[in-house]
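Structures follow.
Here come two complexes built around chain A, the first alongside chain B, the second alongside chain C.
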Partner chain A sequence: MGFFEFVFTVEFFFSIIRITAPIIFATLAAIICQKGGVSNIGLEGTMMMSALFGSLFAYYSGSWIVGVLVAIITGIIVSLGIAFFAFNLRTNIILAGTAVNMIGSGGTIFLVKVITGMTEGNQLTSTNGLISTRLQIPVINIPILKDIPLIGGVLSGHSLLTYLAFVLVFLTWALLYKTPIGLNIRSVGENPNAASSVGVSVIKIKYTVLIIGGILAGLGGAFMSMYYSMGWSQDMVAGRGFIALAATAMGGGEPLGGLLAALIFGFAQALSIKASAVGIDSNLVSPIPYLVTIIGLVVFAIVAREKAKKPHKVKESA
Partner chain B sequence: MKKIMKLILALILSVSLVACGGGGSDEGGAGSSEGGEGAYNVAYLVNGNLGDKSFFDSAKAGLDQLEADGRINLKTIEMGGTDSDKPKWESILYEVSDSGEYDYIIVGTFQMPDFLKAAATDYPDQKYIIFDDNTYVGNNDNVLNLMYKQNELGYVLGVLAGGITTDTSVANINEDAVIGFVGGQDSPVINDFLIGYIEGALSVNPDIKIDTRYTNDFVDTAKSKEFALSMMNDKKADIIWGVAGNAGNGAAEAVLETNNAWFIGVDSDQEQTFIDELAAITLTSGLKNIGNSLIWVFDEIDAGNDDFWGTEIALGLAENGVGIVDDKNYDAVVPDSVKELVAEAIKAVQDGSVEVSTAFGPNKVDVAEIRDSVRP
Partner chain C sequence: MNKKRALTFSITRTVAAIFIAILVATLLIFVSSKGNTVGAKFSETLVALRAMLIGPLFRNNGSFNTKGFLEILALMVPIMLTGLATTVMFSANQFNLGSEGGIMFGAFITALIAIYTPLPPVILPIVSILGGSFATMLLLMVPAVLKAKLGVSEMVNSLMINYIVMYIINFLLNTRFMDRTKGQVQTLNFQEHALLPQLVGRGTKLSLGLVIALVVVAIVATVMYRTRWGYNIRMIGQNEDFSKYSGINVPFYIILAQGLGGFLAGMGGSLEMLGRYTAYDWKSLPGYGWTGVTVAILAGNNPAYVPLAAFFMAYLDKGCEMMSTYSSVPAQLIDIIQAVIFLFFAADNFLAGYRQKLVIKSAEEDAKAANEVQVEGGK
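Let's turn to the complex of A and B:
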């Protein structure tokens, strides 16, 4: 079996899409917040909270739809919390975001013990024991497409939320560039004083972008605990909320760029899993996605600098 | 804006009320019963609740047996496992130590050593036993640390996996002699499980390949799921042992998704802790038999061999300190020929004719080299 046949299998491309989806949710959340001039670094914690409540309510209600809705609502509530502390009480928003991340890690463990009364024994805390596949977000086999060889295997059979993630990239783009509210969001992000001088409520817009970010992060959390894994477990988001911040920077703060960056990250992680299969040391394999992120950021910075230089050159030669 | 503020404040209030209301899982002491004359008085402090189907229940079962045999008088105190219960742990430990009523006080898990160290220092005449922890071994002469030989556990599971992986008459098993291991970290403790697993598998099939992956954390279930999927898709592994805390469960989920392999659990009987669907694809679990180890301790005490205070004792197959789940799926799925192999392997380790290598201590072997030599 040759190298390419070994690496580039149908499962490989399928896993890229699966790995990318939760990062897309978080990246879109970060992008829309950034466009509105809000640095929301609390996405990791927001996703943890949503993952927990999504899976718990799926269990209590017996319905994954309720779980996803509760995950979204949780995302909104957590984001409102950040907004309230940052804009009404004038906390530094980076601190508010950091607090949410810490709550997402330690607070969720506390909550799951209080709510379910589970004891951990020697096991780490999780809701794995409550969730069956019936409570998971369903997988969709797309008719016709699924019968096409190779492409069908890669594109069909993903969860509802995976497809939604990719659709949301275009919806986010449309929201930002094709709607009046998108214009307001961008103007507040570019220059809040100017926006406010023409009667745009800056604080309302900032609340709005955080709420939209909360919805997106909520979906990301639901993806983690209700499709990717069966149930919530301690620290399960495992840095995806932070990767999204890097992907946002890499993608130039644009939805399509963010999608590309998330896909590059997904590719890198899928590749690192293949690399572990051929016996490369695990300590070298696990940083691959982060290495790719750094390289991506460097490339982006160089491209941006070249772009900035060009007009000057034209002037000089003229 | 005022309205929104009010709403949020109300929300925060109600959330905190709910949190307070839910936390009332107060556990009092469980009853003690009259034992035989001359029996030891033993207090078992559970830093959680019974019913965990894991360490706490295992310890309780062993102690119940000792009590039923009239060897101890047992007092079990469930101290609760939530964060709000934690402050109680130390005070209960002190109270029980201070009462002077107990010959032995038993605690367990990685959450207790700090409290125990303090209490053991303040009550030097009180004897304490702590299971599955060796943080402060040797620090106090009145504490016994019980540990468990994971390499011997790995050996038995390796024999099982190696014996079954080419037996296509078993459901979900393919003809390739490849088995998998998802570890949490490339660290001595995890590699101790692994080295036994490799040696056990090689002992029944010298040509077997073992696909080892490390998730590099114990929490990323999704990552360990991807690793397990890659093992099955790329390497045709059909037995996967997950030794990565919660992340290990991701491997079980991967097996459930593809349905062409078996998962092996660790530490507790995961067929009992998993939901039915995951339990159905779990072949067996490697166990630390806390209960048996406590019985062993009292056997030694009665035999006058209790010079182990202030040290760490690692219990293996010979002392019944480790073992595998041999009912449920194991009983139903594993062919008799393989069961025989497993029984022989256990016996061989018990009588010392097989010595399993270890990944730490003075006699440690080069796990990385062995791991690479059996890579598929």
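Let's turn to the complex of A and C:
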């Protein structure tokens, strides 16, 4: 079996989609926030908290729907917190986001220990095992499509939220470019003074984008703890909230571009998982996605710079 | 507003932020403490609070807890340096969050030098520390150069670098540098003469590192407030456009600030290794970088206040550890307390009404004084 036949299997492409989905949620959140002129670096922590509360409530209520809803509500509450500190108390938004990330990494461990009564004895604190297949976000087999060879195996059989992630790319685009509120969001992001001079409430729009971001991050968190893994564990989001910021920059701040950037990341991670399956040290392949992110940002910056140079040259020659 | 009022305000603000954080902590402790009745929960809360707030310095019988105090001092060393690193980078408005990976990188490089280079005493620890510091300087200059030359967000890149550093170090540790005679994953022991001398015995691990760290604080404070470099770095942080038009080489100082930050973060790892460890065994990011961000915020980005802020954070850390020993409350409470203090401290509008009152009071007094002068002049 050749290298390509080994790597590029149906399962491999299936896993790319699976891995990309949570990054899409986070990236869309980052894009909406950025369009509204808010740099939300607290997505990482927001997803951690949503993942935790989503999985816990799913377990206690016995229903995945409750879990997903609670994850979304958690995302909204956390984002409202960021908004309150950033806009009402004027904390630097990057610091507000950092505080949320602190709570997301250490505070969640505190909460898990308190809520579930687990102690230091259980070395790796997690809610793994609480989410059974019954509580997992359901998988959907798309009729007709699933019977098509190859394509069916790649595209069918994903979770409800996976499909939602891809649908949301287009919904986000439509929200930003086809609705009045999208126009307001973009105007606030581009020139808050101009927007406020025509009667747009800048602070309301900024609250709105953070709330939408919170909903999306909440979905991402739910995906992580209720489908991607069977429960919450320490640092499970593993930088996806940060990678989303990179994907936003790589994708030029547009939903479709963000989707492509997220797919590149998903590809890199799927490849690294594959590599560790062949016995290559996982510590050597795990950093690949992060490295790809840096390279992607650099390439994007160089391309953007070349683009910016071009019209200038034309003027000179004319 | 005169100096005295400004001081009154910043002290009030500090106390208020800490008070709110402790209030939040008390609520969380109350909720999480074990007990079937409100009374039982309440007494458990008191035990936990006592352990957290007073425990680090005073034993249950009221005597001074020397060991606890020395441990706090030892704990200050790494967070003082990551705090300084963050201070310098934030002063230039560079949100480089790489001191987390930086301190791990510095620690690892220092460890390798301390294990493998055949150098005489005194020289070896110096070379190890400087090696770790300079290596980390180069590491954190990567996002700096990308920012200065290409305008790529230093924040995202530095965060990515944290993860990359962690995995690569783990890879090297597992494959090349592991001491296979030991039961756990760690390097060979450092050469005996690489270790920093301990200031006091009794296993508190308080080393010469503390003195070095304090000297570094003094140097950084001087550089930031008494030299052209420091002035230009702070100027860029205040207003980058203004700096550019007044002829400051902005890209150079953006890189310098982050290089300096990297150097300091790396040194934190170096001092930590040679002061408190005998072999390198960190397998995940140590968290000192994030505490360093809190320290920098508490110190108002002023290097001179970093030791005080670091002492406070080290005290809280030790307090939370004591609390989890004496009660059922998990030690990770510190992350929530830290975040709350952090949020209120960095909030410009927190107690803005009170500041406004003070400003008006000062203005009224000034006006009154001016009036009196006028009246006297009219005689």
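General remarks:
The rule is simple: the second predicted complex is superposed on the first by the 308 of 318 C-alpha atoms of A that agree within 3 Å, B and C clash if a C-alpha of one lies under 4 Å from a C-alpha of the other, contacts with A are read in each partner's own complex, and residues count from 1 in each chain.
The criterion applied here is as follows: a residue touches a chain if its C-beta (ideal position, glycine included) is under 8 Å from a C-beta of that chain, and two chains touch if they have at least 3 such contacts.
This one's a predicted model, so the numbers in the text were calculated from it and none came from an experiment.
Taken together through their common chain A, the two structures put chain B and chain C in a clash. Contacts of A:L284 after superposition on the shared chain: chain C is touched, whereas chain B is not. Of the two partner chains placed around the shared chain by superposition, chain C is the only one that A:M102 touches, whereas chain B remains out of contact. Look at A:T9: by the touch rule set out above, it reaches chain B but stays clear of chain C.
In the overlay built on the shared chain, the residue A:S233 is in contact with chain B alone; chain C does not reach it.
When the two complexes are overlaid on their common chain A, residue A:N88 makes contact with chain B and with chain C alike.
Applying the stated contact rule after C-alpha superposition, one finds that A:P143 touches neither chain B nor chain C.
Within the superposed three-chain model, A:V114 lies in touch with chain B and with chain C [touch as defined at top].
Using the contact criterion defined above for the overlaid structures, shared-chain residue A:I41 touches chain C, although it does not reach chain B.
Within the three-chain overlay, chain B meets chain C in a clash at only one of the listed stretches 43-51, 79-87, 205-213 or 313-321, and that stretch is 79-87. Residues common to the contacts of chain A with chain B and with chain C across the two structures: 88, 109-110, 113-114, 119-120, 238, 281, 283, 286. Here chain A touches chain C in the complex through residues 41, 85, 88-92, 94-96, 98-103, 105-107, 109-110, 113-114, 119-120, 238-239, 242-243, 245-246, 249, 281, 283-284, 286-287, 290-291, 293-294, 297-298, 301-302, 305, going by the rule given at the top. Chain B makes touch with chain A in their complex at residues 1, 4-5, 8, 11, 19, 22-23, 25, 48-49, 51-56, 80-83, 109-110, 132, 186, 211, 213-214, 216-223, 225-227, 229-231, 233-235, 245-246, 249-250, 253, 256, 267-268, 273-278, 372, 375.
On the chain C side of its complex with chain A, the touching residues are 28, 31-32, 95, 97, 146, 150-153, 155-157, 159-161, 163-164, 167-168, 170-171, 174-175, 287, 290, 293-294, 297, 324, 328-330, 332-336, 338-340, 342-344, 346-350. Only residues 6, 9, 11, 15, 19, 22, 77, 80-81, 84, 88, 109-111, 113-115, 117-126, 128-133, 203, 224, 228-230, 233-236, 238, 269-270, 273-274, 276-277, 279, 281-283, 286 of chain A touch chain B when the two sit together in their complex.
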